[in-house]
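One chain, chain A, appears in both complexes that follow, with chain B as partner in the first and chain C in the second.
After this line comes the complex of A and B, so read on.
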């Protein structure tokens, strides 16, 4: 039994079958990006063990459309999220894992090191490093963004997709005490308690994506809240956003209560800015649902944002931002220019020029230009660099050997 | 002699190439269009010679680099279009009419005509329409010039429909490019061509002339309805004579148009604006201007000083000279209109220390001269050229060109040198030349396979080497002009894929000497250069790099290496096709050739694996360097990954003994599909960070290509006993045991 499993995993046929299947996954995962958006396509095809039928259907439909076959009602991102996940094909994680096991077991059991095979060995080591490095990146790296308008300072970056519920106790003169509750805990009916809070919270209503307004409009219902600004708000649940640079804007209705009874019901939502407080235990707790923040011990201030175009065209010539880095710990205070292909690397984080709103039109209308940075922290960033060199050398060595053999044979003939 | 003919043939071709490289000198007694074509202007953010402006724009509008002036009428008579136009059923030269050599306008001559003799230019058949519905709608079915199903029309035929096309286009522009129907795409193409043409026309000279009988006004429809006096024109265009009596009434109506009715507001606004400009022009107009642009500018120069004074005084609320004021304002309106429309910026900065931002179009330069008090000399020089060209005054034109290039050489030596270099590059047209020589080499070598004469093989190979040299010269010349690595856009990737495959093919031929390397080198070189030619119709092929791509380091490493990976994968696929076609359909594939083919495919697949892997990972490193992520499953990244995976599959199949000679060939052919998809297919999805080379409608061609490749694989799997070469007993692939007979 064990021997046959072992044999299965060392088979070269397995390698070939898995590679062929990955080809299929990559192809459909690419096609699916138009109907589903990059994020869902990535989750369902590459970052999953099995591909579900709805996603695959969307990819197949897109392929048919590309060759001018009419598809009546193409599957959308929202359809895929709503559909049950019926696994129909192995996904990226499964194929990657099998290939990795296949590679390691085969080398361990069969492979005797010899110089003529050193190239193959090296190549495979490099590929293992690449795959493992990517796995590490998936797990340990974080991507967030920082949007600044000229003159504005920030000491935090915001997550691209995640949100948080925060309760801020501003009673201390030195610093605020913030209690953050991750989005994953916010489900209708959930009860949240935390040692730093003198009350508990109950989630009465939660919309994964919502729009709200101050006046009654068709499709919008009145928020069932009695404290803060909630009572004046009308809200409407929306389908999840699937576009690559779009994001969900969740909304929530919360009840705060203690053992002695309810303190009231509050509404909040991402993008809902007025300050609302819960009073309890003689303190004020500011409550807000907001984009998840990552704080840094230093701050960035946007000094200048430029979007240059080539004369007489709409072709962007350059996007560049000048920022002031201020670090009270190290006493640093300097200006840095960030532009395309030239990020700022600072304390393990890298700031890339990501988006820019500094059009001439905007400037003429007197709006302040804004610049958005992508903030990346990736401890395993070096792995692909190394892997590239190792695989490159391995292939070069192996194919060089073949070439040499070929010429020797040719010379003899 | 018999032995030496390959050398003689090659020498002839070399001579032709060298002849094409000679410096071009304009003939005495003819218009010096060459010198005119070398003049530098700014377009698309870069300095380029007028010759490039002419070529690229004619390619965009007409799809050809020249404009034929003669052809066939329906009754079979041959002549200039304007002479046979009334006979109808015009067609261009048919492919079998070898004796007919129609006169043609070179692109630069066409551009000069557009600038200086708009009436002639309006009669040229340059607008391509082939959508039957659109032709029906514009009632053009039996007009225009036909060439193999494509129909060409003149601006004069289309101008009555301008308004209609424009309003259609405005509606369509709201529709996503991918969702547009073929009809909508045809309308947009036509609209873009017309717009471009109008812009070019307004680049040197204003196009409004005083002629009260010319139908140049299109009053708002609402203004005409119910007016019994107005003679209704189907095309909505009226002469000044016709509308003059209605103007006061229309002005009154315009006052009562509701503020929120934007369509009506703009219809009335643009009509009355045009009337005002026309009436202003009438006040200063002299009939001489029609043919004498210089005279117009002299008159303008005369009003500059008093006019500017009057304007300044008027603005500060002082007494001012009303006549001078009105005159200068009339001129100003005329030139503002031109400044808004103009395409290339023709007027250079004062000297070479000024930034490239100081280039201006003629209209803008004329506007600026109101403040400056004098007209810049380049404007006057262009005016002299246009006046002379309009009057067919050869001497005057040549003198103006010579004087202006002399002045420029003093002021902007670098721009002049660049203009000359790019002009010479255009004249040599290395890639077109290489394409033809590849074709000649391909044909000779295919004959070698039929006749097996060593001379044919040698001749073919020599020609392909020559083609490769020309190809290389073009590639390096282009790199020098752009100051960039070889691949900067989809167009140049096609050129480089062909180059890489041709180099590898020539190396294979040196090793094996059996014609196979030559055929594949010539075949891929020829096909990729044709693809490049079609891609060049989108416009300027040396456009400026967008900010993200503006880095020579990564362009030189990642892009170059991955493109060589594409080239190698195609080469392997092409070799596979040679194996299948020769083995199955001809009795010419013997064991020796088959073994050498297998060796070649295996070697090339190894090369392709190395280059596509390293190229793909370098792409990831670039992304990591500039966006902070190594891999993002972007379509272009996935396409590259698919090539790597496919090559890895082939190698593992081979090493595991799961495929042998024939399987290797079939797999290599499938590699063509994978590579074509990742090269072009992902650009057609129109998503992702790499959609810089976005193309539409071509996906169907990709699908057709894929089907042909699958058909070849199907042929490749036909049982061996049916293969022609096997039946002849010259081919027995490894592992094949013929049935005992």
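After this line comes the complex of A and C, so read on.
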């Protein structure tokens, strides 16, 4: 059994097959970005172990359309999300994992270190580092944003895509205790329980993207909630947003219950509803569906936001922000200027100037200028650079060795 | 084959690993203003507007007539020409802090009002003259347009930014400039006294130097931001909404740039001018045609009614969580309908 596994993973045929399949995945994953949008395509083709039939179908249809073959009703992002995930082809994670195992096992079984082969050794190490680094990036990196008005301070950034259901226990005088339930757990019918909560939650309704209104309109249905402001809200489900600069606005109806019975039904939606209160176990828990937050042990305050334009035109010349970094742990309190290609790198996070609303018209309307930073955290950001250097050195060594041999042979001849 | 099955099994196991519920501590945030178990007193959390400091001065210059200038002004003087017509005005406005405003932005705002191109940092610096304003130091800017001029002095004093503005017909402003500068030397600042909580009763015509209007009964008056004519807040189920009124000359920068700026504030992407035009839906208000823009984004929602009136654009802006904006939308339109511009 072990011998057959070992043989399977040391096969050169496996390497070739995986590389060929990777080409197919990259091709169709790229094609799928048009009908499905970047994020769904990434998730279904590259960040998954298997590609499902609906996603692959969307990519094939797009390819056919490009060679002028008519497709009656092309598959959309909404169709893909609604369809059952029937695996039909290996995805990026599976191919990457097999290639990594293949590389390591083959290397271990066949490769014996010697100086003439040191270049190959280095090249393999570099490729392993590249693959592992990519996996670490996928798992540990995050991209978020921090929007600040002038004078405003924040100690958290908000995810570009993900949302969370939070239950905040504010009974402590010093801090809030937040129970964060990831969006992936919020599915209709799901029951959520956690040791930090004296009640359970049942998801009665969940809209991945929806429009909410306070008045009855055609196409909108009344929200089935009996607590807070939910009973007055009407909802209409919308297809998922596939544009890169858009985001879904999800909504939820929850029932909180204990062994003694139901505590009530609450409605919450991202950007639409403020926090509401559930009373249980002698405490108040603030509940809200909100954009996923990443807290930091320091705060940023926006001191100044500048949107300079070329004189006499509306063409932007410069966007820059001055922020005050305050870290109570280290006692740090300093001002930093962030502008194009000059981000703030602090405690593993990088703050790039991203959006700005700070023109003169805004000031005349009595609005405070705002500045938004893209916050990138990638603990393995160095891995691809290091991997490329190692692969480069390995190839240089190996080819250099061959070149040397060539010149030696030529000299002898 | 066995190897393939093994890989498949590992893959399925890995696929099954989902995100976990996490518990973390974070700095305290304010308790929500609407509780699920009842809204309680809708005005319970309203804040009193900050009290304004006062201005004292010695002798009022000849030809200056002190007039009522509105709640946000510390003093207003009307300056008449030879025919007895009001030809210029001196206004004194204190604002808390500097709110991130720079002299360049202010100077260019005044220049834009007079139809002049914007100045660079260097040009603004060249224009700057230092003058004495009581026991403080002020920065004087002289902006002269075709028929009108503005002489402004910006003077920071004990956390407040004071604006002294002489504006009107060019010849009157030029003639009065030296008197204005002398007047500034003679002023003194009086620290603000705490104000009583705002009245919960709405009243018509509370806009000071603006037109008459009737805010909704449940709106509570707030201290307006810089350049705003009025500001209200409305509390209820769905959260707190803010209503502000501002007025800008002419087209106020155009529809597209305004809509894109508001979209940016809500985390939404920019739209083209044609798309912006579609977003601004025409509505009928008492004073005539107006346009309403409803926007909802990740950080809340906004409803803005734009009314063109007397060569200016009036912005009636409602902001807050989506549910609060939905709740107050009808009241906003009613408020706009109550405005008497005459």
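Keep in mind that, in the parts below, the second predicted complex is superposed on the first by the 290 of 413 C-alpha atoms of A that agree within 3 Å, B and C clash if a C-alpha of one lies under 4 Å from a C-alpha of the other, contacts with A are read in each partner's own complex, and residues count from 1 in each chain.
Quick note on the criterion: contacts are C-beta pairs under 8 Å (C-beta built on N, C-alpha and C of every residue); 3 or more make two chains touch, one makes a residue touch a chain.
As the structure is a computational prediction, the values presented were derived from the model and not from experiment.
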item	value
Touching partner for A:367 - first (chain B), second (chain C), both, neither	second
First (chain B), second (chain C), both or neither touched by A:406	first
Chain B versus chain C, judged by how many residues of chain A each one touches	C
Touched partner set for A:66, first chain B, second chain C, both or neither	first
First (chain B), second (chain C), both or neither touched by A:319	first
Chain B versus chain C as contact partner of A:392, first or second or both or neither	first
First (chain B), second (chain C), both or neither touched by A:182	second
Partner chain in contact with A:26 - chain B first, chain C second, else both or neither	first
On chain A, the residue positions that both chain B and chain C contact, one per complex	309, 311-312
Complex contacts: residues of chain B adjacent to chain A	42-46, 345, 356-357, 359, 511, 543-544, 546-548, 550-551, 554, 599, 602-603, 606-607, 609-610, 613-614, 617-618, 620-621, 624-635, 638-639, 641-642, 645-646, 648-649, 652-653, 655-656, 658, 674, 677, 682, 684-688, 699-700, 703
List of chain A residues in touch with chain C within their complex	1, 4-5, 7-9, 48-50, 93-94, 97-98, 145, 147, 150-151, 155-156, 158, 168, 170, 172-182, 184-185, 192, 194, 196, 211-215, 227-229, 232-233, 243, 245-247, 249, 264, 266, 269-279, 284, 286-287, 291, 295, 302-305, 309, 311-312, 314, 355-357, 359-370, 372
Of all residues in chain A, those that touch chain B in their complex	12-13, 15-16, 19-20, 22-23, 26-27, 29-31, 33-34, 38, 41-42, 46, 66-68, 130, 134, 137, 143, 309-313, 315-319, 339-343, 350, 352, 354, 374, 376, 378, 381, 384-385, 387-388, 391-392, 395-396, 398-399, 402-403, 406, 410
Sites on chain C touched by chain A in the complex	2-4, 6-7, 10-12, 14-15, 18-29, 31-37, 97, 99-102, 105-106, 108-109, 112, 117-118, 120, 224-228, 231, 237-240, 244, 246, 248, 252-253, 257-258, 261, 264-269, 296-301, 315, 317, 321-324, 326-327, 329
